[in-house]
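These notes open a run of structures that come right after.
Both complexes shown next keep chain A, but they swap its partner, so chain B is in the first and chain C is in the second.
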Partner chain A sequence: MTRTRLFMLAVALIAFGVLPFFLKSYGLYLLTLFCVYLMATYGLNLTVGYAGQMSLGHAAFFGIGAYHAAILLKLGWPFLLVLAIAAVACFIVGLALGFPALRVQHHYLAFATLGFNVLVFLMMRNEQTITGGTFGISAIPRPSLLGYSLDGAIPFFYFTYASTLTLVALLWWLLRSPWGRAFAALRDNPIRAESLGINITAYTLLAFAIGAACAGVGGVYFAALVGFIEPAPFHFSWSMTMLLAVIVGGSGRFFGPVLGTVIIVLLPEWLRGAQNWYLAVFGFLVVALMVWLPGGLSSIPDRFARKAAK
Partner chain B sequence: MTLRPSFLDVIDVRKHYGAIKAVDGVSLSVRPGEIVGVIGPNGSGKTTLFNTILGQIKPTGGTVEFCGEDITGMSPLELARRGVGRTFQTLQVFGRLSVRDNLIAAAQESKGTMPGRLFARPDAGLRHRSDEMLGLFRLEHVASLPAGSLSYGQQKLIDIAMAFMPAPRLVLLDEPCAGVNPSLVDELLDLLLALNRTQGGSFVVIEHNMDFIMKLCPHVLCMVEGRVLAEGPPAALQANPQVLEAYLGN
Partner chain C sequence: MGDLPQLLVSGIAAGAVYALAALGFTLLWQAAGVINFAQGEFVMLPTFAILIAIKAGASLWLAFLIACALAMLVLGVGFKRVVVDPLVRFGVIPLVIATMGLSIGLKNGTKAGYSALAFPVPSAFPSGQLAFGGVSFSYADLGTLLLAGIIVVGLQSFLNRTVTGRAMQAVAQNTDAARVLGIDVQRMVLYTFLINAVLATVAALLIAPSYLAKFDMGDSIGQKAFFAAIIGGFNQTRGALLGGVLIGVLENIVGFYISPAYKEGVALLLFLAVILFRPEGLLGKAEERKV
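Up next is the complex of A and B:
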């Protein structure tokens, strides 16, 4: 990364960090929600954008993380332990979901993962003794860290922000390592990759498992943020929305999920005036974007650079 | 000449698709440092033979041995780990990765363990080796461009360079000259000869370009309808009336 880019990144991070002082409580809630979804979409970008797999089941992992948090936090378990348990649980389930990907690809895989999401959704709705069914689980406590309560909206925002940055930094490091190259090789040409000794079985499973773990972590923060969960936010339509965020932002580009997640979290708010037309307008915007910018929003600088070079 | 024992032995390999006998009892052996050519008309089973040797498809019968070990039906992954590399008849590069990353990706998995590579340097310690190959294949000036954005000939070179990145003991090349312009063909010939000399690699090369085969391979097999019609030095094959009739024409 060049020095100017690093500088721009630092400015953006600080600017984002002072935003809470200019926002009312709902704005702050949206800002925190944005960080929460970012953890999930960064994970999905690894699975889909870097490793070239297809997943329409990401919201299920987000939900598994959230329900783990809801149940265990109410039992008074420490937050970091709950976080670790949720991440490991999602990692393991993610590994299992990776197995269909070893046999089928593209739209078949889309349906396999979608089926998984539907299954998890039904379990959340029907296993009332554990999940509270459609009534959900309420009064989920916010964590405290080293005796310092994170109950307030501002402390919880900074806690979530720092966690998101940590997760993103870990992913950056992972994708820069030879693993990142192996994931990309798997995406670009699995047959060639295997003939070069790249263990495509292991990398495919890991791509799902790591992506799932990120979603699970996001889910834990989600539960702590909203304080009340029920199955709706983990419906497969949310998997589609997350996939949309990855694609609109620029799949396989490191900062793609940032732009994509802004779109899925904020656009619905801005379009609220459109009322019933909201979905139609949203859909139209997405189609228009995909036609004009197939590389996603984060490909805009490249496009300008190419124009300038001509 | 037969002092060194062969290290690839293909014994009576067959691959049948129902009634189609794509490969029907082929035997060949390659000694260390040797370059063997395979010629034959379209559809004579050359690529299928490669794919059965390389674990891409399971043979109907026969055995393949590498360094005395039975490798019949082993997966491409296990073969890569044993130092067997290949190129495919069609272009196979990692389109969105840079040329340098293509080369590093080709060799990184033979270094260390998988968990170890998570903590390894981003270039997996292969910067120098990739520089060397970039220089050899004259790809330095495009090293940081995405492989998919280059010309067909350049991608073909990347493809071949990738096969040689991990310094394999045996490389199977499926039509390396196809779609490559004549001046590049001569360069490729020199490159392969140099690699054979300096790194002691053994190759099996499928090629329709007879001139190339003549200059590269001391030993050539001619396949027709899934069988070896004739084998020997290329000059002898060119004079063989059966080969002339089935493949080379007048």
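Up next is the complex of A and C:
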């Protein structure tokens, strides 16, 4: 990364950090929600963009994290412990689902994860004693950290923002490590990666499970932010939307999920009155985008650069 | 156990509808390499076409014919020209993504442009039951079985007995060889898309009375079509039939004897078992790994 790019990144991060002072409470809520979904889509980007696997179960992992948080936070468990439990739980479920599903990969994996999402959704809706069924779980408390309450909208925003940055930085580090290089290698040329001694199945499984854990972490913050959860946001159509967000943003590009999440979380809220049409247009735009710009929105600068170089 | 024959028949009837959608799905995959994530919406749209035509005063069968024609035009020719043709050379994944986008677009377009409510659609068959040796079967189930059976047998004999049908199979098995033999590949692929549109419309006619016309009705039927196709074997048309019927029957049995709440999970469990032990599907042949 060049110095100018680093500088631009720092400016963008600081600008985002001071944004809350210019926003009303709803805008602040949306910014926090944006950070929450960013954690999930960054995880998905690892699975889709770097390990090259299509997952349609991401909303289920997001939901598993959220329900863990709702139940355990209401029991008064400390936030960081809940966070760790939810992440580990999603990681383990990810391994358990990925093990059979990754035998077949790609579109089969998409179907398997889609089915998993349906099953998780059914459990959320039907196991009323645990999940509250369609009534959901309400009055989820905001966490406190080291005795400092994060009850207010601004403290919780900064907490979420800092957590998102930490998670993204961890993923950045992971992808720069030899491990991360292996992820990209097995996406680009699995057969060559295998012949270089990379255990394809193990790495793909790992990428899938880490992606799932990120979604779980996002889910924990989601539950704490919204304070009320019910099955609807964890329906598989949300998995599909998240997957399309990652691809529209440019899968396998480190900042792709940011763009994608703006498109699926921020824009529809701002265009509230036209929400249904928005999703319809979004769907058709994905089709158009696939036809015209298979690399996603963040490949536009590259395309111009290539044209300029000609 | 007195309920079992009834459960079996209604399960096979439901499964026959899944099988129709699954059949179209596998045909598209074989002929054009398309995995259509919008298959459920391909059943939802004709349902609304039938509904709108009936509201405009058409009889059910006329409405069905109108829906067939529209489906062939939009979901057959239109889908091929606009979405599949430009994308097919990039391989499977971009098309999968595009059909997911299509699914979201069609679903929400229907919700925003028509209605978010569920509408009843009249059944093609009389209501009531046929008592037979102490057990009774509903006319709707028997009619569904009969119609789906006719369509499947008709399609199979078209594919196996006619020159066009055999040419379509040749394209599905080996496109290059078919081209060398002078078969008009594009035309055969187009026929496949048309057949898929008709199959989806028949599925719409049969399933609409029980599912109601609703913008998200395709979620469930689409999933079952995918799972039926994979359980039976993606590269075998007979597989789709077996998979569909298996899912329909097991769902009915689980829903009755175990828990109606988890009926929807049956297809997934069956699917996971199949990919663990026989990834090519129950009737499928293992595809070669392409380097």
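Following the convention adopted for this analysis, the second predicted complex is superposed on the first by the 303 of 310 C-alpha atoms of A that agree within 3 Å, B and C clash if a C-alpha of one lies under 4 Å from a C-alpha of the other, contacts with A are read in each partner's own complex, and residues count from 1 in each chain.
Assume contacts are C-beta pairs under 8 Å (C-beta built on N, C-alpha and C of every residue); 3 or more make two chains touch, one makes a residue touch a chain.
None of the values given here were measured: they were computed from a predicted structure.
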Ask   = With the two structures laid over each other on chain A, which partner does A:191 touch: chain B (first), chain C (second), both, or neither?
value = both
Request  = Figure out whether A:222 sits in contact with chain B (first) or chain C (second), or with both, or with neither.
outcome  = neither
Ask   = Is A:67 touching the first partner chain B, the second partner chain C, both, or neither of them?
value = neither
Request  = Would you check which partner chain A:161 touches, where first means chain B only, second means chain C only, and both and neither mean what they say?
outcome  = neither
Query = In the superposed arrangement, does A:37 touch chain B (first), chain C (second), both or neither?
reply = neither
Inquiry  = Which partner chains sit in contact with A:199 here, chain B, chain C, both or neither? Use first/second/both/neither.
reply    = first
Query = Which partner reaches more residues of chain A, chain B or chain C?
reply = C
Message = Is A:281 touching anything from chain B or chain C once the two structures are fitted on A? First, second, both or neither.
response = second
Ask   = If you lay the two complexes on top of each other, which residues of chain A touch chain B in one and chain C in the other?
value = 191
Ask   = Where on chain A is chain C touching in the complex?
value = 54, 100-101, 103-104, 106-108, 110-112, 114-116, 118-119, 122, 125-126, 191, 236-237, 240-241, 243-244, 247, 276-277, 279-287, 289-291, 294
Ask   = Which residues of chain A touch chain B in their complex?
value = 174, 176-182, 184-185, 187-189, 191-200, 202, 252
Residue numbers on chain B that touch chain A, as the complex places them = 54, 56, 75-77, 79-81, 85-86, 88, 92-97, 101, 104-110, 114, 117-120, 122, 124, 148, 162, 166
Inquiry  = Taking the touch rule as given, give the residues of chain C at its contact with chain A in the complex, in rising order.
reply    = 35, 83, 86-87, 90, 92-98, 100-109, 111-113, 116, 216, 219, 223, 226-227, 230, 259, 261-262, 264-265, 267-268, 271-272, 275-276, 279, 291
